[in-house]
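First chain written, first letter: the chains are A, B, C and D, and each begins at residue 1.
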Amino acid sequence: MQHFASDNYAGICPEALQALIEANVGHAPAYGDDEWTSRVSDRLRELFATDCDVYFAFNGTAANSLALAALCQSYHSVICHEVAHVETDECGGPEFFSNGSKLLTAGGDNGKLTPESVLEVIERRNDIHYPKPKVVTLTQSTEVGTVYRPDEVAAIADMAHRHGLNVHMDGARFSNAVASLGVAPADITWRAGVQVLCFGGTKMGLPVGEAIVFFDRDLSEDFARRCKQAGQLASKMRFLSAPWLGILDNDTWVRHARNANAMARRLADGLAKIPGTALMFPVESNSVFVNLTPAMIEGLRQRGWRFYTFIGAGGARFMCAWDTTEESVDALLADLRALASS
Amino acid sequence: MQHFASDNYAGICPEALQALIEANVGHAPAYGDDEWTSRVSDRLRELFATDCDVYFAFNGTAANSLALAALCQSYHSVICHEVAHVETDECGGPEFFSNGSKLLTAGGDNGKLTPESVLEVIERRNDIHYPKPKVVTLTQSTEVGTVYRPDEVAAIADMAHRHGLNVHMDGARFSNAVASLGVAPADITWRAGVQVLCFGGTKMGLPVGEAIVFFDRDLSEDFARRCKQAGQLASKMRFLSAPWLGILDNDTWVRHARNANAMARRLADGLAKIPGTALMFPVESNSVFVNLTPAMIEGLRQRGWRFYTFIGAGGARFMCAWDTTEESVDALLADLRALASS
Amino acid sequence: MQHFASDNYAGICPEALQALIEANVGHAPAYGDDEWTSRVSDRLRELFATDCDVYFAFNGTAANSLALAALCQSYHSVICHEVAHVETDECGGPEFFSNGSKLLTAGGDNGKLTPESVLEVIERRNDIHYPKPKVVTLTQSTEVGTVYRPDEVAAIADMAHRHGLNVHMDGARFSNAVASLGVAPADITWRAGVQVLCFGGTKMGLPVGEAIVFFDRDLSEDFARRCKQAGQLASKMRFLSAPWLGILDNDTWVRHARNANAMARRLADGLAKIPGTALMFPVESNSVFVNLTPAMIEGLRQRGWRFYTFIGAGGARFMCAWDTTEESVDALLADLRALASS
Amino acid sequence: MQHFASDNYAGICPEALQALIEANVGHAPAYGDDEWTSRVSDRLRELFATDCDVYFAFNGTAANSLALAALCQSYHSVICHEVAHVETDECGGPEFFSNGSKLLTAGGDNGKLTPESVLEVIERRNDIHYPKPKVVTLTQSTEVGTVYRPDEVAAIADMAHRHGLNVHMDGARFSNAVASLGVAPADITWRAGVQVLCFGGTKMGLPVGEAIVFFDRDLSEDFARRCKQAGQLASKMRFLSAPWLGILDNDTWVRHARNANAMARRLADGLAKIPGTALMFPVESNSVFVNLTPAMIEGLRQRGWRFYTFIGAGGARFMCAWDTTEESVDALLADLRALASS
């Protein structure tokens, strides 16, 4: 039975697993000095059509926290959306890695920052009793499943740069945004002003691991040591890097993301016909947020479905993964229809 | 061609890979709430014959640093051997995770602490201008390939406990020590006074990951949150945990360690017959430290062998892995013999 | 000309200065091992009528941050009011000293937490992706000049303790609260459940320094080392401690606080008769928050008055100090009256 | 009775106290925005004959730790002498403020680094498993009372700069070095390549406080916020800064230092005539390290003298302060003579 609790409930996609197995041949230098890591880095430079610096970290908490720590000092602050993962779901990870950089939250409809909401935080204070904003972090696609268009990213990045801030993108679900927008990866990153991207691998179908891509290479000085000290340098790095080869080939990563997005679309379309449900956000990538009745939520749970709800509200989140099938979506919808009419 | 640079040059052992592949079935709860993680934890409790708390981290830097941070505060200190990995090869990782706990180094022959060398550090200072010793960390097997016998561990742990210190064991190569000593894992850990063990998985043949085993469960309060905040909680945890099942079955992990140890033994025995070489430490696990002539070192390098040497000295380190073959050892010896007679 | 920008614009009160001068005799042991520090600590134990542990820090940022860091770990969180100084004016100090403990803000009228607002934060989340609440911090008197009555402190502390949280009080203006409430210091601290108080000295008329008072002595283990490591152990400690003797004698500290409170009262009473002004919060200690017209604010500035205003609003803050005179208050009121009628 | 335990046993010198008292007039802006702080900063720029950036911290632990943290990142390392105060007596302060920068100790006779000893550490390792050296810190005068001549500072700084390291000077006893060498302050700081100096005020006769002087102003970006966050921004800053005016006038600081140095000289000269004593280091500033017999040490203690000894050895340290008198030195010598002949 497939679940809709998180896209990290899914396993390893066949292409990534095959690449991992193929990398398991004999001895290879450790700590990233192997051919697979070198090849993946080159592939990512090709993908982004620029000479970026590439590092690998084990998970998103670390990738984002390390990147943010590299973009500011402890007495600086990071502007993020009030529902950003770094603010709500990292147990203080960014503050830990940066030794105290404060996250300042900004608003914006549909989980998206705007130049205005960012500016409001930048201009809120300028005295030394308040941590100076030094970074803006965007989540692409956002926590609520929406996506920033290239011009939206650029407008925020322009605002940030005009005030001396660096721009970071949390791309745990970057693939879903690319698939949704149908743009070149460069168009929503460096060409739009993003200096560092955390490119999520796990949710794309890898067993473990994210790539940290510095488009602004001045910002990556000694970053390898930062990773090492923080427990993010894999000794058998090839098993972290090689799976990327499997999904970068033939645009597999985009194909998988397209499936996840399509399943979310299918779920949303089905929900639209079910009374008592109401979408909470536009469905632009692989997640569906919907208000359900308490009876529906309870009923789905009893039928064994796993998904997240929000305390004290009727909101439910359904995430689709690279391997989510039409059958699973339809089964979920069928149960919802049954609950709606009961 | 196999190398002797590090035991992490080796790949994934077949048993671990098989277990990983078998865990790749459908959807599973994330963040450790899956059946494989639960089963491995139980297996480790059986293996150690006690009701310990088990956590997983991605690598040794993190496992050791997180464990040490849990055993003291930033204004405390950690006593380690002067050649301990935490002191020499973690780029300040323990200091980073603990926010400043100082490592105080103690001496001891053959890379091993003694109760006396530990006591000397404990008693060195007791004023508030010096960080109070709160932890002793032992490396088993040691950085130079020796092993602590159960009574040696117990004597150090007793000394530590009498002075209010906690005892941690860095077991990056714990398997090699168990294989070498032929003891039950409990005998060189909790029965000898060790409160927390970092049990190395990577060097045993896993793709990635170490287990942190708290025998003293009072010390693990909220440790899961510590891991999460520090970027060490895997979302698809099953792929970190399942491979352990593969090597714990049928004592595979000990069998692999025995092979590595035997290859080191074979190499040491061969070296004994080669003029111009001198072992630097007793060979008790899977590493061989030997003084070679500059010509030998240069000659091996030219023949393509990769291994570590020590700046300004003739010392060379050769590590054997779970998959090191007799053929590889013999080929290395043959080259050394040729170089010795040239 | 006296100002109303902050109570730390005032200088050293005569009693503190006299005590400092009297302590400047000959040589004395450093780092707190002197007679003055010992005597002040005893005097504070008498004042609070309990056997508490006393430490000194240089300023409020450090005192509060060190105390909070002692009450939780980096992966825990601290509940504070949304206008608390630790949240709004410490440039990330609490996060820095604790290496990442997140501040979670709660609401409450008039700058005061309530058991309900605290409970809402405690119960918001209980998963490991969110830092576990471990401390509640109250500000007494609050940032907006209100005070918690003993029963209000007790109700919040009870709620905190029932959920396993520690209770800290930021007492930068503790004296003003004591003077306002007319209670024994014990009644709004340990008898009401407060475990640690940061007792502000600077705003009472000292040149520098705050006392950190642990009523729960189990929480102060090795706290002296925490202070030392964090740069908060004075070598010539007597000059930090002796001035306390000057103000603790004859309840001088309460007398000074009473003056500051009375001047705020006088200012508030005067404002009530001036059209175009509106008090923003009840005036219960030494600060007056009032809405003024832009013309009034501009006019006061032109007449040389220094005070804080809030960006984008008409709010102004006037702080009274131990030495604020009736003449100064009346002069300010006269200028306001003139501006109101112009 | 005067003691020789530490130069911080002495009180406030008259000139500093007078300046403090004179600054206690009416209200003044807080946090350094006052006239005294401004004037002292200008005076220090004059003293050093360059346009440096000046900040104030409460004590040496903080001043040095903050400065070092500004010169490197957590994964870098700081080279210091093996007896440097930052290594031996700060309870891990530098590691705490920097969030993990490791101190790497180098040798050198008489407590002084040399270009060679520094180079040895720089070249020891260059892999990412070892924290990259980024700062050299010199102590002037040194922990054992010797002083670096201008050419010695320059030689070390040149070596550091050639390898990309920054140069910091711990000047807790900078005045004693200046008095000893008879040089312009600029000659042993920026003209010799020092980029940041922590200029000790407390040991010169101030009640509290040190100045952090950035000669390389690029390194001080946002340093005020670093101080604020770390609890080192005084609200009533004038009482931290004004005393400097008292000692900078008329070269009072050098005069006081000269007295301390002369008293150490007098003590050393007297010791030379007492059998059973042996100086341990050249006496070049205000400290005397001498080997005494156990009976002498015990005898001095019984006579009430306070001084430091070194565990397990016969070494004793005698520090002279700005106010140490000939009578005190002679009384100490008389007791030593009596003990020598008994």
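We take it that a residue touches a chain if its C-beta (ideal position, glycine included) is under 8 Å from a C-beta of that chain, and two chains touch if they have at least 3 such contacts.
Since the model is a prediction, treat every value here as computed from it, not as a measurement.
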Original post:
When B-D is set beside A-D, which has more C-beta pairs in contact?
Top reply: B-D
Subject >> For chain A paired with chain B, centre-to-centre distance based on mean C-alpha positions, whole Å >> reply: 34
**OP:** Give, as an integer number of Å, the spacing between the C-alpha centres of chain D and chain A.
**Re:** 50
Subject >> Distance from chain D to chain B - Cα centre to Cα centre, in angstrom >> reply: 42
Subject >> Residue numbers of chain A (touch at least two other chains) >> reply: 74-75, 90-93, 96-97, 99-100, 128-129, 131, 225, 228-229, 233
Original post:
Which word fits how the chains touch one another: line, ring, star, complete or other?
Top reply: complete
**OP:** Would you pull the chain D residues touching chain C in the complex into a rising list?
**Re:** 1-3, 5-6, 8-12, 17, 20-21, 23-30, 57-63, 65-66, 90-93, 96-97, 99, 202, 207-208, 225, 228-236, 239-240, 306, 321
Original post:
Given the complex with chain C, which residues does chain B contribute to the contact?
Top reply: 31, 73-76, 99-100, 128-129, 131-132, 222, 224-226, 228-229, 233
Original post:
For the complex, which residues does chain C have touching chain A?
Top reply: 74-75, 77, 88-93, 95-97, 99-102, 123-125, 128-131, 311
